[in-house]
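Same chain, two partners: subunit A is paired with subunit B first, then with subunit C.
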Partner chain A sequence: MNDTPTYLPESGSWLCAACNQPLVAAPVGVTYLQGGFTITLLTCPACGLSLVPEFLAVGKMFEVEQLLEDK
Partner chain B sequence: MDQQGLHDIEYRCIQEEQPACQAACPLHVDVRKVMTLVRVGDLAGARKLLDRTLPLPTVLGRVCDHLCQGPCVRGSIDTSLAMGAVERTIINATGAATKPLAMPGKGKRAAVMGGDVSALTVAWDLGKKGYGVDVYVAGEAVGGHLLGLSELLPAGALAAELEIMGRLNVVFRAGQTLNAALLDRLGGEYDAVYVEMLDANFLSVGREAVDAVTLALLGRDGVFCGGFVTPGQPLSVIALAGEGRKAAVSMDRHMAGVSITASREREGACPTRLFTNTQGVIPLPGVVPADPGAGLTPAEAQAEAARCLECQCLECVKSCTYLAKYKGYPKVYARQIYNNLSIVQGARSYNQMINSCTLCGQCEELCPSGFSMPDLIVAARRDMVSRGKMPLWAHEFVLEDMAFSQSAAFRLVRAAPGEASCSHLFFPGCQLGGDPAASVPAVYAHLRAGLAGGVGLGLACCGAPAWWAGRQELAEAAMAAFRADWEALGQPRVIAACASCQATFARLAPEIPVVSLWRVLLDETGLPQVGVSLPSGPVAGVRLPAGPVAVHDACTGRHDVAGLAAVREILGRIGVAVEELPASGRLASCCGFGGLQANANPELAAATLARRVAESPRDFVATCSMCRDRLAGAGKRTYHLLDLLFPGGSDDPAERPDPGFSYRHEARARLKRQMLETVWHEPQPPETPPALPLVIPDVVRQVMEARHILDTDVARTVARAEATGRKFTDTATGRHLAGFATARVTYWALYELIDGAAHIHAAYSHRMNVSGVDRQEG
Partner chain C sequence: MTVTESLCPVCLARLPARREIVGEDGWLVRTCPQHGEFRSRFWHGPPGLAGWERPKTPRLGSTPAGTAPGEGCPFVCGLCPEHTQRTCTVVFEITGRCNLGCPVCFADAGTGFAADPTLAAVETRLMRARRAAGPANLQLSGGEPTLRTDLPEIVALAKKAGFPFVQLNTNGLALAADPALAGRLAGAGLDSVFLQCDGVSDAVHVALRGRSLAREKRAAIDACAAANLGVVLVATLVPGVNDGEVGALIRLAATLAPAVRGVHFQPAAHFGRYPGNGANAPRLTLPEVMAALEGQTEGMVRAADLHPPCCEHSLCSFSATYRVAPGGRLTLAGGGGCCDKSAIPAEEGARQSMAFVARQWGAAKAAPAGEQIKDDFDRFLAAAAAAPSLSISAMAFMDAWTLDLERARGCCIHVAAPDDRLIPFCLYNLTAADGTALYRRKTCA
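The block that comes next holds the complex of A and B.
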């Protein structure tokens, strides 16, 4: 479907509480400073709310934030 | 910072200055490196080094009159290193002369008139550089003074080197009459001529006839003279070689058509600024050869070389975790920082280094020539800020903390109740104001009772964090806001409880009179009557330390001599003995918060702190609230000096933990409310309890602290998720996960709702914008 990097939670069976819908993997736009990427996150198919897992936020995202800030 | 500015800064650092031995050697043999190699038994390596530097190495290495020895630093401790003897052993132990690497032929020719050491050095150096050299010698034998040193030179040693010179395109023409006519002829035939003045000074000129830097004969293009005899001075073989080398450099440049005067300051014996600390060096007698006639054996030379101090400075690096971390020294760092600032496109790999200095200034105190990393680093940070190149990760969190301290939640600058102006203004600072156990109300009451003329209260940030972050305008704006209040209050004297505030006032508003709280308590109000003459046991709610304490001075207060003395005198008065730390007072080490090191580089700040803690097993007494909390956070029993003077109810205040960022925020807001209610009798609206209380286990809170996430950040995210239903739910555990983006940061909370409270299981954040995450309006 898409070949963007995929970051799904390591555990849990997640629903969007507002829409009561199971989440699906979907491409999501990520931007920071001059950088822009597309990644795949669990997302509510109804309202589009996306889930950023902890390992992504404190790992790869943190790393890329620092790289972009140091450019 | 421009190139010249960089050179001025670099010059301050003396680490790359030559050691005394090398500076004194006319050829600048790297004696220190030679000794390092010999001490590990690598005589072959030492020989290679000599071969690279000396002309005719198997000759000069044996007959050198070792001018290096005189200034040896060991000489002031025991005896100078026997460098000449070690050098002879190296040559004797490492075999015959070998042909050095020579450059390809240049197609130019030089003539040398004379056959002594300076002439041979010119010929050797130019031969190596690819010039054809003809040496015109008066007598039949080449070597001059070397011919009379047969007791030092084995038979055939000189001949072997001369034979090698032949293979370097050096031709010896013996039996010549050296006179002005020959010089005239050679001047026409060769591209450059060297005249050795040693024995036959047919030109009848003295040193004044040549340029001191280049040895060029004045008024005679392409002719160079050296080897002058100074009447009454002993002849030095190595000094003659030095003169020859100087002439050879000039002749090479002359023949290449480049400047013969540029960058020649360091040639020949020269002074050095290198400082070598000899404290703690154990005196060791020089090694005496078992057979004096044979000189040092290799084993004896190795033992002698082991006495070498390997002179270097590194005074600042030895004491600073930050300077040691990046494996260099200030001169190297200045260059790296300059390069980092000059990058137009690409990664600035030294950003973290620039933002990791504590700006504490210990280096400047220790440096024999006053190198200041803070001056360099602050200039670099300001440069980055001014060009929009300062990364957010470095200081964003602490600048938001500063904004909170400047907001109405904490800021309060006013005269005592019922008064419009005051003679004194108590300024506790944001960190003491954020200490949940703080004695600010008690100290304020004590100052009001003890000082005439009215004492006001100033709760605000002095601007130090902005100054540290390179945000000069923000720091000045904070001070301008304070100055306006200060003027409205009748320009009172500021009584600062925090050394950083005191230093910031002095820096940004030198017209505002500031005194340390410790001086005022000691000289003016007197100490509160607590614990006096009852040095141990619970007294009025505080247990004084049972044994001596170590004073951890705030690095920002290192120059406040009166304040430093007051702290010790106060401890003495209340019966607490002091054991000084190795780095105290003027030389105090930072706790790792200074310069925002803890924000930009938490791991390094932890190492800085651990080193401080390891300086003494005693309980510490700190005079800065941030120092105290950080030390306590590292598990070090630490009192704030005010804990011992104004007990706050804690049985053992040295044990109280680091309150953390969130509690400090709350404590500041609460302090302002408390002061307004109890001192000014202004009822405050009741604190609105949070709609959804949070329960945060210690283990989660520790992670939040490290990630710079406040309780309020989590509360906002959870409250918003519960109000809108915009959250995820894990059907397996019943836990909820919500994310909410503020202006710059998105905060996430993983929580469970139990009995009307949100139990937090995890909290994290990121600054990237994710399209599918809700954002705060506006």
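The block that comes next holds the complex of A and C.
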């Protein structure tokens, strides 16, 4: 197990649409420019795609990405 | 060489035109059967025109562009089917009066006697402009908008009409004289102040505005900072007058960040009120502003940092965003790689530009601090706030000598005319050699 911050969907039992595998919590690297950190997201054990929950996508992740978007 | 269209600066007849590239320079050339050939340099020096491009493509699935009706472009404005970009900023003039009598004024403000539109008329026009433009940014302009005592009510009406970002274009005198005004405007919903500030020395203000203003500019900035209004310093650049102060203005802005959110340069165009003959007027082109920035900031701002726009025509502007480290040192934000030069859908370019302006030119957002910092996203936001961002940009307006109709058709900054048409800024303000306006209604005989 890892002790990184975990961002899971508020509800539901999630399957990977492509692989039909149940998603499992796994560490995921987040990279912005030169820096990065690790968080825990639901991830497909087969294909490795992760689920970014809506509250994170439109919340803190959006705020960080706005900082990096130029005209 | 590329082809476009232009006007005769004498009779305003539409003419086929070409852009000639001579070394790193660009010249707009056309011949009027009546008034002869006109050659105007619109680009001078490195980086040259080759590679300076951010093409915009029409939105997929949108109606194919048609042709302008009647007399054609640029005589039937009100955004005709030939226009290639949507509105990102509506410029809305609420008065023709002014409390300065500047020798240079694109709006030729303060010379007419037309009454200000009533508050009710402003409300109706704001709603019509919002309907025509969609969810665009709004700039309240004039004249000097702060001469209206009902300005806070107008700001509130603009918000009510559905403009998400409202900016005030002002010389700042009223903000300096009445520090409570900024708070009243912020309370009404104002987001940002586009503060005319041509330099740091009183000599520059005297030359361009007729009086010393450095103290008032500083007081206006302080008042806006106290009211949590974002401030953009806007310099009209006239060669030989204030192009030697661009570096000093950047340094001033850096020391005042995050209250000051950007510096925007506008090389003077020969329209409205401008001394001398437009044919021989010295013009500062975008590459010359880039060179001045690099030369006067000890290389903190490099010409190579600056990129063409994602919204308006590539030849109309440049910009870059920097982080201001403690002590005022600037470093390019985002590593400089965020804006490529590949084609971008016009609609997406406009969305990016509007969002950037609203975010960068409004007040700096409070970053998480102390106990609010719960994860690495918060730490990233807090670290970014420690080095606030400052945008540096310039826009090259076109006058009757430099007008390139392809650029005008790609314009995203549109004046809401009194008859509710949206008209590209340069066309609205364009005047022929004898002062005849293409669009702007004369307010006095």
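To be clear about the criterion, the second predicted complex is superposed on the first by the 64 of 71 C-alpha atoms of A that agree within 3 Å, B and C clash if a C-alpha of one lies under 4 Å from a C-alpha of the other, contacts with A are read in each partner's own complex, and residues count from 1 in each chain.
Convention: contacts are C-beta pairs under 8 Å (C-beta built on N, C-alpha and C of every residue); 3 or more make two chains touch, one makes a residue touch a chain.
Note that the structure is predicted; figures quoted are calculated from it, not measured.
Chemist: Tell me the contact category for A:Val30 with respect to subunit B and subunit C: first, second, both or neither.
Modeler: In the superposition, A:Val30 contacts both subunit B and subunit C.
Chemist: Return the chain, subunit B or subunit C, that is in touch with more residues of subunit A.
Modeler: Result: the larger residue contact count on subunit A belongs to B.
Chemist: Quick one: is A:Leu51 in contact with subunit B, with subunit C, with both, or with neither? Answer first, second, both or neither.
Modeler: first
Chemist: Using the superposition on chain A described above, determine whether A:Pro5 touches subunit B (first), subunit C (second), both, or neither.
Modeler: A:Pro5 contacts subunit C only, not subunit B.
Chemist: Between subunit B and subunit C, whom does A:Thr40 touch in the aligned arrangement: first, second, both, or neither?
Modeler: In the superposed model, A:Thr40 contacts neither subunit B nor subunit C.
Chemist: Looking at A:Leu15 after the superposition, I want to know if it touches subunit B, subunit C, both of them or none. Which is it: first, second, both, neither?
Modeler: After superposing on A, A:Leu15 lies in contact with subunit B but is clear of subunit C.
Chemist: Using the touch definition from the top, say if A:Glu63 reaches subunit B (first), subunit C (second), both or neither.
Modeler: A:Glu63 contacts subunit C only, not subunit B.
Chemist: If you lay the two complexes on top of each other, which residues of subunit A touch subunit B in one and subunit C in the other?
Modeler: Touching subunit B in the first complex and subunit C in the second, residues 30, 32, 61, 64, 66-67, 69-71 of subunit A appear in both lists.
Chemist: Quick one: in the complex, what on subunit C touches subunit A?
Modeler: These residues of subunit C touch subunit A: 307, 309-311, 319-321, 333-335, 338-339, 352-353, 355-357, 359-360, 365, 374-378, 380-381, 384, 389, 391, 393.
Chemist: Given the complex with subunit C, which residues does subunit A contribute to the contact?
Modeler: It comes out as residues 5, 30, 32-35, 37, 39, 60-61, 63-64, 66-71.
Chemist: Over in the complex, which subunit A residues touch subunit B? Could you list them?
Modeler: It is residues 11-18, 23, 28-32, 41, 43, 48-52, 54, 57-58, 61-62, 64-67, 69-71 of subunit A that touch subunit B.
Chemist: Write out the stretch or stretches of subunit B touching subunit A in their complex.
Modeler: 345-349, 351, 391-393, 707, 724-733, 735-737, 739, 746, 748, 750, 762, 764-774
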